[in-house]
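The same chain A turns up in both complexes below, where it pairs with chain B and then with chain C.
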Partner chain A sequence: MTGSGPTAWHVLRGSVRGLNKKFNQDSLYTASVADGAALVLSVADGHGSAAHFRSNMGSRWAVREFADCVTPFARTVVDRQEDPTTWLALFAAARALAGPICHRWRERALLYEAGHPANGAAAGERNPTRADLIPYGTTLLGLVVTQQLLFCWQVGDGDITTSADAGAPPRRPLATAEEEYGDDTDSLCEPEPWVKMRVHCQPMAPLGPRPLLIANTDGLSKSFEDERGYLKFATDVHSALERQGIDKVRLLLEGWLTRAAGKSGDDTTLVGVYAGE
Partner chain B sequence: MSSIEADEEMPGGPMANRPVHFFWLLDCSGSMMGNKISELNFAIREALPEMQSAAKSNPAAKLMVRALTFNTGASWHDKQAIDVASYSWKDVHADGVTDMGAAFHLVARELGNLTMPQRALRPVLALISDGGPTDDYRAGLRSIEATPWGQRAVRIAIAIGNDADRSMLKEFLNNPELEPLLVHNAGQLASAIRWASTMAVKAASNAAPNTNSPLSNTGQQWQAPPTTDDEDVW
Partner chain C sequence: MNGQLPKGHVLTTPGGAKLRVEDTFGSGAQGEVYRVSTDRGDRAVKWYHANMATPGQREIIETLVGRRLNDTRFLWPQALVTDPADRAGAFGYLMAVRPRDFHDLPALFRREVKGINSRKLTIVALNTAEAFLALHAQGRAYRDINYGNLFFNPANGDILICDNDNAVEENKDTGIWGTSEFMAPELMRQDPNARPTVQTDLHALAVLLFMLLMNHHPLAGKAELDIRCFDDAAMKRLYGTKPVFLFDPGDASNRPVPGEQDTVIANWRVCPPVLRNLFTQAFTIGLARPEQRVRETVWRDTFSQVYDSIVECGHCGRTNYIDPGANPPPVTCWKCNRTVDLPPRLEIVRDERLRRVSRSIRLTQDAKVYEHHLRRTVSQHDYSRVVGEVEAHPTEKGRFGLRNATSKPWRVHNEATRSLQDVPPGKRANLRPGLLIEFGDGVEALYREK
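For the complex of A and B:
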């Protein structure tokens, strides 16, 4: 990234299988766009229960379709971000992407289902419907980060957390007033998931020059006794990044996620971006 | 603190396994007196090792057990929820009528209190009865439904003998696809209780989409246990 913002952006990424799970049904994606002027990050949590036996595919498609959908938008943001009068229009455009993101996932899942019916029927016997998408159920959390602006999208559980380097407590801008109970979650496989997609847009300036931004599946937050414990995780990781540097934290990340997965029992995945030296 | 110690330190606050609360709701009315209550005590005691084993095989969940009994009124058999690893069975005794509604109110109060964090796994309500309720059980069911955890609980009903009110037990299950388990002898009761002790814990640990959505109960796709070929007694 260029300009007066952070000197460098460092990406964190890690994913571990939940305790006693046969395989990891989370997915993640990180990429730089426009020669590094923007970052696209996402995680998705395939539901994993018997009814969602293809959710590893669902989560993989979720992060890929999200990336394909928001990458052109990220380029537009890079082009226009220096003019603050365009920001409201960009925020509106980000909110309008909720439909296309969900639609692309649905189309991809329906296409696969038509060729490989989950119920074992021969391919092409009938057109799959929304109800046929249940095996692919997944959440989706995604970010577009540029020097001036931050955009977040979320369907279902998990956390997007921002930690400013000004010492302010971390924030979860898309947290709902009432947390979901147990393993309840909204899902891309439900009817009209775009209605349930939460979108957050903000300038980067309030986050200071060295922010940490995290998106993680709920396997991480549910490993702590309470929300405070999870928010302290963001604070402590931010502190570790400043004290020990990105390379050290990258080395430690998988161990931390493994410990979290051992407590929550769930697949645990994190992507993050840190603005450092 | 040395840098090596700092490296090993997990960021964040205290961590914990996710609790699963398992509630036995036991009919201890006069009609259970004699053979039925003896076999019930025996079956739960015998099922405990399997329950402990199921919990051990799922170390990310912390299985907490608590029983309540109902006859003339309802009361907690255990003063508080106990980790299954240290749970031991104390016999229950039969007497009085079948105030099942009182039992539902009692468990609803527990489900509604703040000792159940939202990160907990779905609770399990296992109801065992040999008769029909003598109080307003529907008001009790409504009180369970009025709690977020009551709406999400995995529910199991075991009907002992043909006199059990199966239509009422089906109402308790609150899922048209599920039927109460009907048992007619000690072997079947033991088998049903063993199954309830273990499969329900696994079902509670399965992720499910929002239960307010049309995908409700997709996590409750468990199957009934095999029954024994012993002669029907009850």
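For the complex of A and C:
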């Protein structure tokens, strides 16, 4: 990325299987767009219970379909971000993407379901518009980051967190007043999931020159006793990045996630971007 | 602080008031909203992002502060706010704090709002139309009506309209053209001479009302789902060059898709014909001909009548919309699929421009006669100003009384017995065929079986 903002962006990514889980049903995806002028990051948490026995597929499709859907948008943002009079329209366009993101995931799941019905129905007995997508249930959290602007989308539990600097309390801009609890969560497999999709857009400037942005599945936040513990983790990661540098933190990240997955028992996945030297 | 202004920072108004930053309510597209403490209690400050804090925006805020709108449904800018420690010219504006019991539309769509029902939702719609009527009556255009600006209280249907920082006279250029999904087609297409006006507000208002009641965008059906790359060109086509209403009677190309857009299909089915007709007008002929868009007064009066025609199914108890007035088309209950029995109605008759006009109130347990029923014009419907309360007979199903909630007696004529009697305040008139109640000033109520 170029311009007056952060001089370099460093991506963090890691995913760890939960304790006693047969396989990891979380997915993550990171990509740079427009020669690195924008970053697309996403994580998804396949629900993993018996009813959602194909949720590893659902989460994988979620991060990929999200990326495919927002990549053209990210290019548009790069083209227009230097003109602040376009920002409100970009924010509106980001909100309007909720429907297409969910629709693409649904189409992807329906396509697979048509050939491999989860309930074993024969071809003549299938109703493609009423197909049961519960086996593929997953959350989705995604970011588009450019030098000037930040866009976040979220369906279901998990956290998107912004930290302006290591000395300030981080924020979770899409946190709900009533946090989801237990295993109940909004999901892409529900009817009309876009109404449940929360969207946040903001300029990057208030986040200062060296922000840290994180998206993680709830395996991480559930490993802490409360929200304060989770936010302290975000602050500690930010401090470690500033004191020890990105390479060291990348080495440490898997250990942190492994410890979290051990405590929560859940698959634990994190993607992040740090603006450093 | 993870934002522009640190906790404890002091801002000022031109009047010298000191505002201490306490914490943030949130951040958005144009700026951040902070809770500030003042001598008069907590207030909110919207503080513009540096790129949004333009001289033009500052002039607009100063204009708005100088010309307030006397309507409590708007969280109007109360004062320009500046930072004495800042030399870059940053600014914001002071406003009241939005109470916590007000929710936004996305929360409604996510089914997170407890206690909302058909009646309250209808009052929200009515209030919304009436509030924009008050704004437009002053020659001002809002310019960016969208679901992020409307907040409502599910307990009583009260609303608050936020982000009023572009609501100046329609002949002024604020640089704001609106939010794509709500922009009138001529604005989306960027037609020559097209600019945000009251007429373009009327399109956005119709979209907002449709989304409020149907929980879906009126132009986002099959055509939206067919889009692979949802970019500018696609949005322009969907909302500007080829907009097609989901339920356009002459064009079925953009119907909602079963299995993926079921909510709007179900909600349209239970929508009363009088509202369906208005939505159809707004999103068919109204798309191409701005002068044919549905006026705020029409929306307001229709929602007011629809409110009085909400009835409970006698079989399952669920509320259903029926068409206002006498002899509405039969309605099948959305829940139990049985025909909804029509309760009797009270026909209110009054003078209006040298003629007698009437409207109906279906007699249900929750029905009331309100002050706005008796008056020719009201600037604001107030559902706390009750004139008469309907009471169901304790033992005889289908029989009702009307309790006088005013401080003056009513005169009641009974054609069957040819009797005349007064109903003092607090007492009840038993509603029977042939009964006529005089409320005064030429306003009467007649009991009708159908």
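The criterion applied here is as follows: the second predicted complex is superposed on the first by the 267 of 277 C-alpha atoms of A that agree within 3 Å, B and C clash if a C-alpha of one lies under 4 Å from a C-alpha of the other, contacts with A are read in each partner's own complex, and residues count from 1 in each chain.
Convention: contacts are C-beta pairs under 8 Å (C-beta built on N, C-alpha and C of every residue); 3 or more make two chains touch, one makes a residue touch a chain.
Worth saying up front: this structure is predicted, and the values here are computed from it rather than measured.
**Q** Could you classify chain B and chain C on chain A, in the superposed arrangement, as clash or fit?
**A** When both complexes are placed onto chain A, chain B and chain C end up side by side without any clash.
**Q** Is A:Thr85 in contact with chain B, with chain C, with both, or with neither (first, second, both, neither)?
**A** Once the two structures are laid over each other on A, A:Thr85 reaches chain C alone.
**Q** Per the contact definition in the header, classify A:Pro117: touching chain B only (first), chain C only (second), both, or neither.
**A** In the superposition, A:Pro117 contacts neither chain B nor chain C.
**Q** Which partner does A:Pro191 reach: the first (chain B), the second (chain C), both, or neither?
**A** both
**Q** Taking the superposition on A as described, I'd like to know which of chain B and chain C A:Pro209 touches: first, second, both or neither.
**A** So A:Pro209 meets neither chain B nor chain C here.
**Q** Does chain B (first) or chain C (second) touch A:Gly245, or do both, or does neither?
**A** Once the two structures are laid over each other on A, A:Gly245 reaches no partner at all.
**Q** A:Pro72 in the overlay: touching chain B, chain C, both, or neither? Say first, second, both or neither.
**A** second
**Q** Once both structures are overlaid on their shared chain, how near does any Cα of chain B get to a Cα of chain C? Whole angstrom is fine.
**A** In this superposition, no C-alpha atom of chain B lies closer than 9 Å to one of chain C.
**Q** Mind sorting out which residues of chain A both chain B and chain C touch, each in its own complex?
**A** Residues 186, 191 of chain A touch both chain B and chain C.
**Q** Mind listing the chain A positions that touch chain B in their complex?
**A** It is residues 18-20, 47-52, 134, 137, 179-187, 189-191, 221-226, 228-230, 232-233, 235-237, 240, 244, 248, 252, 256, 259-260, 262-266 of chain A that touch chain B.
**Q** Note which residues of chain C are touching chain A in the complex, please.
**A** 1-4, 24, 26-30, 32, 49-52, 106, 109-110, 112, 144, 146, 175-177, 179-181, 215, 220, 224-225, 227, 229-232, 235, 257-263
**Q** Quick one: which bits of chain B touch chain A in the complex? Just the residue numbers, please.
**A** On the chain B side, the touching residues are 6-7, 10-18, 57-61, 117-122, 148-149, 152, 205-215, 218-219, 221.
**Q** Which bits of chain A are touching chain C when the two form their complex?
**A** 69, 72-73, 76, 84-85, 87-89, 91-93, 96-97, 99-100, 103, 106, 129-131, 162-164, 168-171, 173, 176, 178, 186, 191-192, 195-196, 198, 201-203, 205-207
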